[in-house]
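Just so it is clear, A, B, C and D label the chains in written order, and each chain counts residues from 1 on its own.
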Amino acid sequence: MNVFGENWTFTSFGESHGVAIGGVLDGVPAGLKIDLTIIRAELDRRAGKGLVGVSSRAVHEPDEVEWLSGVLDGVTLGTPIAFIIRNRNARPEDYEYLKHTYRVGHADKVYEQKYGIRDWRGGGRASARETAARVVAGCIAKQELASKGIEIHAQLVQVGAETDPAKFVDTIAAYQQEGDSIGGIIECRINGLPVGVGEPIFDKLQAHLAFAVMSINACKGFEYGTGFAGVTQPGSAINTISGGISGGISDGTEIVFRCVFKPTPSTPKAGVKGRHDACVATRAVPVVEAMTALALINLMH
Amino acid sequence: MNVFGENWTFTSFGESHGVAIGGVLDGVPAGLKIDLTIIRAELDRRAGKGLVGVSSRAVHEPDEVEWLSGVLDGVTLGTPIAFIIRNRNARPEDYEYLKHTYRVGHADKVYEQKYGIRDWRGGGRASARETAARVVAGCIAKQELASKGIEIHAQLVQVGAETDPAKFVDTIAAYQQEGDSIGGIIECRINGLPVGVGEPIFDKLQAHLAFAVMSINACKGFEYGTGFAGVTQPGSAINTISGGISGGISDGTEIVFRCVFKPTPSTPKAGVKGRHDACVATRAVPVVEAMTALALINLMH
Amino acid sequence: MNVFGENWTFTSFGESHGVAIGGVLDGVPAGLKIDLTIIRAELDRRAGKGLVGVSSRAVHEPDEVEWLSGVLDGVTLGTPIAFIIRNRNARPEDYEYLKHTYRVGHADKVYEQKYGIRDWRGGGRASARETAARVVAGCIAKQELASKGIEIHAQLVQVGAETDPAKFVDTIAAYQQEGDSIGGIIECRINGLPVGVGEPIFDKLQAHLAFAVMSINACKGFEYGTGFAGVTQPGSAINTISGGISGGISDGTEIVFRCVFKPTPSTPKAGVKGRHDACVATRAVPVVEAMTALALINLMH
Amino acid sequence: MNVFGENWTFTSFGESHGVAIGGVLDGVPAGLKIDLTIIRAELDRRAGKGLVGVSSRAVHEPDEVEWLSGVLDGVTLGTPIAFIIRNRNARPEDYEYLKHTYRVGHADKVYEQKYGIRDWRGGGRASARETAARVVAGCIAKQELASKGIEIHAQLVQVGAETDPAKFVDTIAAYQQEGDSIGGIIECRINGLPVGVGEPIFDKLQAHLAFAVMSINACKGFEYGTGFAGVTQPGSAINTISGGISGGISDGTEIVFRCVFKPTPSTPKAGVKGRHDACVATRAVPVVEAMTALALINLMH
């Protein structure tokens, strides 16, 4: 479904080529100051502004957020915060050819099987465009968390086999030139989280983080603490590594997790025309931060 | 919290050294035949019967399930199914020394910080003993799934650096002799799942599987489809690998996911006396199946 | 909070004098035809078009629904349906005097105590204006129910002490002239509901209906079947009256319930200037139908 | 379903003539002292000890609560509290005749239609016996509320047409002698509740109270504040009566609500042999208090 969280809920809506996408936040406390400049900057970051290997459309036509409710004079009222981002380039005719085609590696076919109907206009809900609403919601969550001294910072730590950030731009550019694409790994660090966030036994903090992050398009794996690599280490060597979480509950130290994003299947090499995203992981960084913030804020309310 | 699922819920209770552990299942349809033999076998599997490197107590005193409600003449009534497993060896005096000690790598300290009180008797809720209740609940879910032709099969595919199953026993025995412990990777395959399980955009099937599996003690990572290893492959090479899930929805093909378990910190090498589990991943296999079943059944109701 | 339902959810947002009110429906199945004419007619009904004793503003400026997502060519897509109704007469200056005043019989004071902040612009969320969004959501639910042969029909059955519908207009007009207001009782009948809706033991059908209806502003009571009046009848006389619900579950016969609405406290007699609603119960009729539909649809999904 | 609440959950289980009934409470804070004497007294009160016109069985064989988890040395651990009450008189043979009969005014038929199977042993889950588990759960909630200065007190205020408590015993005795039964009205008062409990717009305090109380067997109506009787009063007369709730939120004054219980259909006059409850409302008093406590505690967590 399209509602995330139980106590601090984010309801997402909108097809990628409909009138608008948007969201409603319920449970944000009254009296929180919202910095709209940060939200705009995060949307630009998600659009890939300044990044190499990003399809151009989003960059040149920045997303404009319209605020409909819940905020008065820049301060939250404690009532639901609703916002929309209009789809300026809603040109269904560009996608007319998809009406009777399923794209490889996309959810077109399974959507039609599940619903018996499909919004063929550019992916509908399955499009990554919906992540713009996640970024807005996550930004508000991040500001509430920041007011409590909690900071979330994600960054790309691997592109293909490359782990030297200095070489990421060249690596991505090389795949772009070949009309191909490549995956990436994002590392996310949470600092300032007090002891006690997360609940035994099912609502463990790591389970909520995994749930939030694995719901992002193209994410294929999640690990924290000793992760998959830790499998080769004996207990005596890694006993004391908690990854910031003990028994499912934050222990007051820095939390570090990693997640992997697969390459987009929509590439010239795969027969899809036009510009393409050579490494979607680059644009996923603010989305990972947003979902992390939503997971934390939900557990803390 | 201790309730898993919204529509087919499993409520778990019980401290490891209290009177009993148990659970309540709400939402199981009426008329389902329950095979108690399978449940007993799964509990033995979780206890490590026949496995190398397993602490002996659980093996020699099999868990006995008492059924309190919801089943009449071996058939479910559509009412809540409640069961308990008594803790036969509830000897708090064995753990008296823990009253004022926190064990390394355990949740003792964080529990006390969160709750201001702690059941020092052998880990309380943080003990892996609670997974016995998960196995019973998961078994009933598996039987309901099996009645629809859905099969879940998990197995250990890596122990330390070893990936040849023929050598797992020796690998584990070696760590046991050293008084140390080692991690493992479990692979789980789901077959027979119809197209359409999972919901965009937050309730993606992979997100629910990750949430369920990451809630198991000692689990440090989850991946499916191309996983972490896929990061080095270009899109053109891995476009068509779905891992059985497309856009968050099952696509009718086999689902394969993997998860990693870290070694137990309670070892002779770490100063903890008595027998120990040299590789907890071996006993986690039926728990992974159980949680997979609970995640699926919840999404299908 | 502002989310109604678990499986077919309606998220409501918007302050009465902010930019817009609106809602998001999640869980509406794909392929449902939506008749916008009916929705408009229901909004007119809620606004009090053609009724005596209704404050004029809403009647002369009909609410216009903007559909943002979830519907393509008049048919639902299975994705969230978002809609907004702009607040045309958002003139905060009219309410400037309320900035430092609490109105008798209104929630102004308690909102400020709870949130530490208050949208003084005409009641904010506590205003009955939010029921317009309920009516839109309920209309879609009613159309889905109608597609299954389920009909909901509410009507005013008592105004003050008057139970003859032919005399309601005069009764209300009399209170209006005196600058006073009066309460009313609404009866709601559900026909065509199949056997089996409602769940033991907490999610009884009557409990869900009561929850839905009691959430409407000014509603002070709910009864079904033999109701309060039944208290004077011996079991032998009323044994067979089920009210359409048995053990919390619909039994296939007509369901009848009643609810009471108190008079508005905002009247000339109470010192509030301008036109007033002499009997808010008249405008609550479509809202009762809407909430009934939302309660039913949520239990049936 | 059988789970009440979202944050402080009570899961109920058990058929009236199975092995046991019981419950699990999740979300009770750690460190709360539990007075078992009060719980026993409340169970006696529900069983009708000392009341006129009560079927004798329950009175002579008091319910014994077995505590399985969540409490150590009389203090809550913050873990799930599980308890059971064994069904001592589980004599299915007494009910053998019901195997192929539906009782008038009971849920037998609708259960069989809904589930395709029915526990014919004395009503199964539809029996009022499950309210014993509600009373235990509610008692713990009441003790937590009492620790915050919140008191709940319910009492019978009407039996048939009789409103003088001094005459209730005679009124009930008269119906009992005739082999008939009669309904009653219970009034419940909540004192000490702080301002701010309840949420706009759907989770209004009165909606949660109505939901909780209307889920009790035989309850046919709920009203608060001016209630149904207020319909005949003009706004100018009843403006200032809040019933303790304003805009869905507690306003710090005493909350008063009333609910009506119909007479049991199981009477000698209706052809059911043996002793019978001439006025079930008398035994519902502690159940109303219990459900009120559960509604409040859930909103306050």
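The rule is short, and it goes like this: contacts are C-beta pairs under 8 Å (C-beta built on N, C-alpha and C of every residue); 3 or more make two chains touch, one makes a residue touch a chain.
On a predicted model such as this, the values are computed, not experimentally measured, just so you know.
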What's the chain with its C-alpha centre farthest out from chain A? D
What's the call on chain B versus chain D, same or different interface residues, using the half cut on shared numbers? same
Cα-centroid distance, chain A relative to chain B, in whole angstrom: 28
Could you work out how far the Cα centre of chain A sits from that of chain C, in whole Å? 37
Whole-Å distance, chain A centre to chain D centre, using C-alpha means? 46
Find every residue in chain D that makes contact with two or more other chains and list them. 1-3, 12, 79, 114, 125, 200
Using the touch definition up top, name the residues of chain D that touch chain B in the complex. 1-3, 9, 11-15, 18-22, 24, 26-27, 30-31, 66-70, 72, 75, 77-82, 84, 114-119, 124-125
Considering the complex alone, what residue numbers of chain B touch chain A? 1-4, 12, 104-107, 109-111, 113-114, 125-126, 130, 158, 160-161, 175, 178, 180-185, 195-196, 199-204, 206-208, 210-212, 214-215, 217, 219-228, 230-236, 238-240, 242-243, 246-251, 260, 262-265, 267, 269-270
